[in-house]
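Per-chain numbering from 1; labels A, B, C, D, E, F, G and H assigned in written order.
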Amino acid sequence: SRTGVIEAILADCKDPDDVVEIARVMVAESKRALITRVSPGHLEALKQAFGQDKLEWNSRARTVVIHDGTPAPRTGGVVGFVSAGTADIPAAEEARVVASEMGCETVAVYDVGVAGIHRLIPALDKLKARMPGAIVVAAGREGTLPTIVSGLVDVPVIGLPVSTGYGAGGGGKAALLSMLQSCSTLAVVNIDAGFVAGAYAARIANMIAAAYAHGKEDRAGQAKEGNGNKKGIKRE
Amino acid sequence: SRTGVIEAILADCKDPDDVVEIARVMVAESKRALITRVSPGHLEALKQAFGQDKLEWNSRARTVVIHDGTPAPRTGGVVGFVSAGTADIPAAEEARVVASEMGCETVAVYDVGVAGIHRLIPALDKLKARMPGAIVVAAGREGTLPTIVSGLVDVPVIGLPVSTGYGAGGGGKAALLSMLQSCSTLAVVNIDAGFVAGAYAARIANMIAAAYAHGKEDRAGQAKEGNGNKKGIKRE
Amino acid sequence: SRTGVIEAILADCKDPDDVVEIARVMVAESKRALITRVSPGHLEALKQAFGQDKLEWNSRARTVVIHDGTPAPRTGGVVGFVSAGTADIPAAEEARVVASEMGCETVAVYDVGVAGIHRLIPALDKLKARMPGAIVVAAGREGTLPTIVSGLVDVPVIGLPVSTGYGAGGGGKAALLSMLQSCSTLAVVNIDAGFVAGAYAARIANMIAAAYAHGKEDRAGQAKEGNGNKKGIKRE
Amino acid sequence: SRTGVIEAILADCKDPDDVVEIARVMVAESKRALITRVSPGHLEALKQAFGQDKLEWNSRARTVVIHDGTPAPRTGGVVGFVSAGTADIPAAEEARVVASEMGCETVAVYDVGVAGIHRLIPALDKLKARMPGAIVVAAGREGTLPTIVSGLVDVPVIGLPVSTGYGAGGGGKAALLSMLQSCSTLAVVNIDAGFVAGAYAARIANMIAAAYAHGKEDRAGQAKEGNGNKKGIKRE
Amino acid sequence: SRTGVIEAILADCKDPDDVVEIARVMVAESKRALITRVSPGHLEALKQAFGQDKLEWNSRARTVVIHDGTPAPRTGGVVGFVSAGTADIPAAEEARVVASEMGCETVAVYDVGVAGIHRLIPALDKLKARMPGAIVVAAGREGTLPTIVSGLVDVPVIGLPVSTGYGAGGGGKAALLSMLQSCSTLAVVNIDAGFVAGAYAARIANMIAAAYAHGKEDRAGQAKEGNGNKKGIKRE
Amino acid sequence: SRTGVIEAILADCKDPDDVVEIARVMVAESKRALITRVSPGHLEALKQAFGQDKLEWNSRARTVVIHDGTPAPRTGGVVGFVSAGTADIPAAEEARVVASEMGCETVAVYDVGVAGIHRLIPALDKLKARMPGAIVVAAGREGTLPTIVSGLVDVPVIGLPVSTGYGAGGGGKAALLSMLQSCSTLAVVNIDAGFVAGAYAARIANMIAAAYAHGKEDRAGQAKEGNGNKKGIKRE
Amino acid sequence: SRTGVIEAILADCKDPDDVVEIARVMVAESKRALITRVSPGHLEALKQAFGQDKLEWNSRARTVVIHDGTPAPRTGGVVGFVSAGTADIPAAEEARVVASEMGCETVAVYDVGVAGIHRLIPALDKLKARMPGAIVVAAGREGTLPTIVSGLVDVPVIGLPVSTGYGAGGGGKAALLSMLQSCSTLAVVNIDAGFVAGAYAARIANMIAAAYAHGKEDRAGQAKEGNGNKKGIKRE
Amino acid sequence: SRTGVIEAILADCKDPDDVVEIARVMVAESKRALITRVSPGHLEALKQAFGQDKLEWNSRARTVVIHDGTPAPRTGGVVGFVSAGTADIPAAEEARVVASEMGCETVAVYDVGVAGIHRLIPALDKLKARMPGAIVVAAGREGTLPTIVSGLVDVPVIGLPVSTGYGAGGGGKAALLSMLQSCSTLAVVNIDAGFVAGAYAARIANMIAAAYAHGKEDRAGQAKEGNGNKKGIKRE
């Protein structure tokens, strides 16, 4: 199964007709086309062109998936998504849709309150039970949440700063800088870069799933030195 | 085996005597102590206190490891390190030492020229042959290399901006912004944050190694639903 | 007793002889003189001029108090000081010395780890038991701690950003912006402005102590309308 | 009586229907709901849903309070509000409404001219006569006023920078930086953060009012060591 | 033939009628008038005033050329234009129209993908075959392309940063800083400054063409010492 | 003759011994080695290693050239260098040495006063008489000079901002921004990037010289279609 | 005659009705009211309220003067106004109207081209012939003009940066920084601060005119030591 | 007498021998030479070269004046200098020395406290009694003082920001931005630009003095139309 990154159409600044055209080519080639940052105008044109049943619209992520009936691939990878406030959900959802199209099972925990730590611990426990390979944490304003989550799990955490907040440090700037200064082990993507966060998390999760599968294969087939193509691990 | 992040002593701004003291406690507890950003004064004090044979000094990374004879753990994880210019090596080496202490095998490719693409491709092929679970790419000035590497591999790449370059965008600023704006799938850490880059890469690589091991176990032992503690993958 | 702000001598950039001279005048006038940002050269000159027993040196705060034997006033106000890492202690201590000279009892809780939340809760409980009128929370790097503390207490919290951290957002910038963007109720002072944080906290604590005393007086003396000079409260 | 911080609904970016829904829940639970940054669309929806007599609209603060007839609590705390120009009034009013909902009596002095100092002194005298526990000073452009006020009173002053002014330092930036650099004892909140300023001031004022009440109680009831729960003061 | 820089009318912020008027004067004087940053309103007014056949509209460059039938001059200079993404084309086209009006033959290579290096090499070979005197490379987001192109050719490359990308470094900032920090030999113009890039490239290309012509003349006419006016070369 | 860019050794941050070693290899390969940003320590080591007569030291440019007796190549290209104040000379000289090593004749005009325009015109006339292919103009503080020079010549001008000036816009920032905003046709390099400015100018000048030579050859030898390797011009 | 600064109504952000009301009061008190940053809506309301013949509208300055027939005072002061491009005229005109209302004669020289110095010298000669007491120079983009003008006159020059230009340093930033870094003797006001520039220039010019008048008086009336109230000069 | 700006030698970054040499030439030409930003090394060399009695050293301004016995010119202009804290004095003194060398009488008021307004009013009264033509106000940290002074006088005020203060807005940045945002009529120079502030103030004061003298002359000599050369005023 494929672990690389999905091609997607960034609708922003593109003509609705052009988006439809590119999507048509992509579906023909790859069976499924992901379109991000979709405006109402784009959505209308896509609905006209492909019809409702070939089109999956996620209003919070502002994404559309066009397909020919073929379902998204399933890799066995699992990715978690955490956000605190409602303003962070669009970015987190954009990331989630991308990871899903890249074959991952996704687990979202959006009900974690900023005000108190008490709601976070049980929410993370629920998430950990699903054994994610990577966790995307979306946070705006002061951007604390990824630091705290990364201190409580041993899974790679991707900090996704969100462009909320006014005044000094607003528009996601304080959140980005906080994550870069984090005392926890954290990697970050740019402000509102849900697409990158989702694709990066899926890359990790898919490699883990593949490694597990390789482990099983190797055991089953008396793995011989050097004949494999398994990534990221040293085999004996 | 442990996949979490290592505790380390940041020597910067600390008194040499305090560093020795903290290291002594840490070795007693954990058998090995990693000390980063070590000045000549710190080094001298550590040599006096622990003796040459209990001390591993990496002059490019400016790190010291103190141990009681116990070797670093081995997890089976593999991490790659790439840099272009000589000025980027200290940050890359700091990352490499951290990943190594966290149990990973490390593969460094530092001879990749900035001027021409031709040297990069064979270097990456050599690196891919070792099947790394993650690749840290250190780059200063305009910070192009992580973007290019991430476009040529399907392994998670961690961009590590390095504080080289003078004038506008100098001190690693252009490199950091370039990586955040990258068209490739890339996660970044802060400027010169070799420690974070190495620990993050090791986290990924160790999870992959663990997943491979779990795969073998599960196959061997007629894995039953829900009895495991395997991370990041969906098991059937 | 006086609840206003203390005059102090900022030694930074001043000639040691000048500092001695100004201190001499201030002690003559006010019995105690506070000198901040004291270098070794200043310290030496002050020791020569006043002798060890008229001088209180706080090496972490880099403050000196010169006095004529008169103890600091006691107002009954209580101020708490919290910091996470060792690098934050100098700023927190500068604040603490100022509040102490302004008559407050001070309670410092510096053993709160950044890595885990678990050490924070018991530390805060210990602090709350002392009933502080205000809490100064010093934090560098990503500056999370004031936000979290303010969410756990109902006392005014003063965020004191500390100039730690390298790279983007370093030197206290991310910490300051985080605190300004905080979702908790928080007021902030400038980076490393321990003096202002301490004086502000003492202002609050001293008003609270005065109000308590006024309450007792009023009750004791059949308080008559309009004869008082009690601040910050509506009296019946 | 409660001295903590009020929950409020930030209407900005929220759907009018959602705002109505959240307000309904909040009124049911807490009897009064505060809604800030209310647009004409939100206002219309709230009027439709709750009717004029259950709704208090402050057009300068752009706030709505919905209630079930229950009046706001009264804590005895007093908060002052000062602004110079007309452009600073919306931020100051937002702060004032928040403090009022948190139980404080509020005193606003908005007629202080920027051009001359002469109008300020009598205005402050009028304010001081009301014995506020904290003073919020809103200022845009060069943001001088909080510094001057704090030099003339011994009450905690909260600097509230306002996003006025064009060119370099415009949008509240010069005001914020000036307040952070102030030679007076001053704590600040972010640009236009009227909500935080009001809640912070109310926290202080409410603690002072509570201390006064405790003083009276203690006197009345032969206070015994250690049996109280009074904040911010050392009791004998 | 003229090698200096063309006069053009920046339509931005100008009244459509004024633009028509200035264009009329310029055509009368110079036979051709170039108008840049043309809005639909300007275009309409120009069409009304001059008619379709005296008007060349480039919708991607947003430029109009008005002429009296006289063709653009031909200098023999050749300029190349490279861009990666579709968002970079408007800036590149603006540059191309300017160079063309200044007498150069232009060669555009806009199909170079950002994702893979493989498409770049053949595209550059095609471009080199046309022997350009200068190459304009337009790039947004992380702005890598000019650095890479300059490393593969020995022709002067002009980096043209384009205002694409959101978040930190967005709006062309990362692209500009990257180009200024480039390890390759590169000169840059401001963000979206297609006009300057085109004029600068044409200046170079026209000087080269003139030098070639001078070489031929000199050979033909037994060039005598000191009688020429040929630029940029030392003649024997 | 070669028109590409010279390799050079950036001594900054390199160990003197390493610089000697790299220089030795480069001289062996290329007959001449250019070393930039040379400190007194580097200079001493180079003198020891190579002896005075194999070493050309430019104290203003802080460059060293090591050679085996072979003179620098001569391409026939001519480059001009202009600066206003004395503080701009080091950057201009670094550029000049680079262009010279790349085979160009160099013409420096450093006596142009900032205060009055009157000295500039005759200085430029002197420079133009030498027919430069490109002109590097170094300017600090407000960076006006490149704009003015470019308005008076029709040769490509490279703006080289210099890190002079204190306060806002100091360190070359105002100069760089001014040049990017210039109304003249100007390309710029980074602050203090004398190396890049010199190499870029030499690239242009060398192409012009080559074109002139090609013109003569073609005339001499009945140039046939497509058999040449002449750059930057369209041949008939 | 009055040399102080005029009161004006900044219409920006004010309700048209409020502007009318304030203007009515001001005319009653002061006979003339100046209103700046006037939108079409404000203009309409003012025309309705006061009628065409009591209203002077300057469409480029976007100012309105309302009067009761009383002409502006005449102080004898003279102020010059210089700008290069058409985009700078609105700021220059705003300044001019303010100086005029403050009693100065104004001389505007707006036809000075940025491209060539040749047009500047005769324009300045024309201006100098009118003997201005101060000169306001408005400049956008790279903001060179005030530096050049100040080098050619010995009258105080006020640099007025204008918010033109896109990309780095755009919106007046490069212009402001250039002026602050200027090698000439120059004082500056904020970007687009035409009001301040005009008022400042008028203050200077009016003091000069008053000094001239005082000189005449003193001569006429056997000036006695100490009986005068003449500003800015030492009298014998 | 000359009212233009003085030439001076900026010693910063210049070799002591070069400074001596340039001073020698300047004294020969102009009788007096002003040298600014003088280090101890420069001072020593100047003392050696010229001897104590030809040299005036101002240790706070860090300026030296070398002369041949000729006193500074006297123009009759008067300039005032105001500062609040001790840290602002060096910049104010640099300005004062420049104005003095340009012929002005100078009046310094450095004892104005930042903490209270009460000390300012009498200090300003003292200053106004001397009838200055311009006032330089030096202020660091939050930079309030120029705004306040300008609101209390009708003389042109030059704001001189001083590089004091740490943290956000430190190094003079908040002071500069505050002055640019000032509601008073204020023109500013760059941070620490004492030289420019002094020269600008002297330009104004000298024009005023000249106008006064012209007034007397005109009255004395039956002034005829057009025969004068008097600046800045309209003559009848």
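Please note the rule applied: a residue touches a chain if its C-beta (ideal position, glycine included) is under 8 Å from a C-beta of that chain, and two chains touch if they have at least 3 such contacts.
Given the structure is predicted, the values throughout are model-derived calculations rather than measurements.
**Q** Which pair wins on C-beta contacts, A-D or B-E?
**A** Most C-beta pairs in contact, of the two: B-E.
**Q** Determine, among C-H, E-F or A-E, the equivalent of interface A-B; equivalence here requires over half of the contact pairs to be the same by residue number.
**A** Matching more than half of the contact pairs of A-B: E-F.
**Q** Could you state the distance in Å from the CA-based centre of subunit F to that of subunit G?
**A** 45
**Q** Based only on mean CA positions, could you tell me how far subunit E sits from subunit H in angstrom?
**A** 49
**Q** Distance between subunit D and subunit E based on Cα centroids, please, to the nearest Å.
**A** The computed centroid separation for subunit D versus subunit E comes out at 57 Å.
**Q** Between subunit F and subunit H, tell me the centre distance in angstrom, where each centre is the average of that chain's C-alpha atoms.
**A** Going by mean C-alpha positions, subunit F sits 40 Å from subunit H.
**Q** Two-or-more-chain contact residues of subunit C, please, as numbers and ranges.
**A** 167-170, 173, 176, 180-182, 190, 193
**Q** For subunit H, which residues are in contact with subunit D within the complex?
**A** 85, 114-117, 141-144, 147-148, 151-152, 165, 167-170, 173-184
**Q** Which residues, counting only subunit B, touch subunit C once they are in their complex?
**A** Checking each residue of subunit B against subunit C gives 13-14, 161, 163, 172-173, 176, 190-193.
**Q** Contact residues on subunit H for subunit C in the complex?
**A** Checking each residue of subunit H against subunit C gives 86-87, 166-170.
**Q** Quick check: in the complex, which residue numbers of subunit C touch subunit D?
**A** Residue positions touching the partner: 3-5, 76-78, 105, 131-134, 154-156, 158, 180-182, 185-190, 193, 196, 199-200, 203-205, 207-209, 211-220, 230-235.
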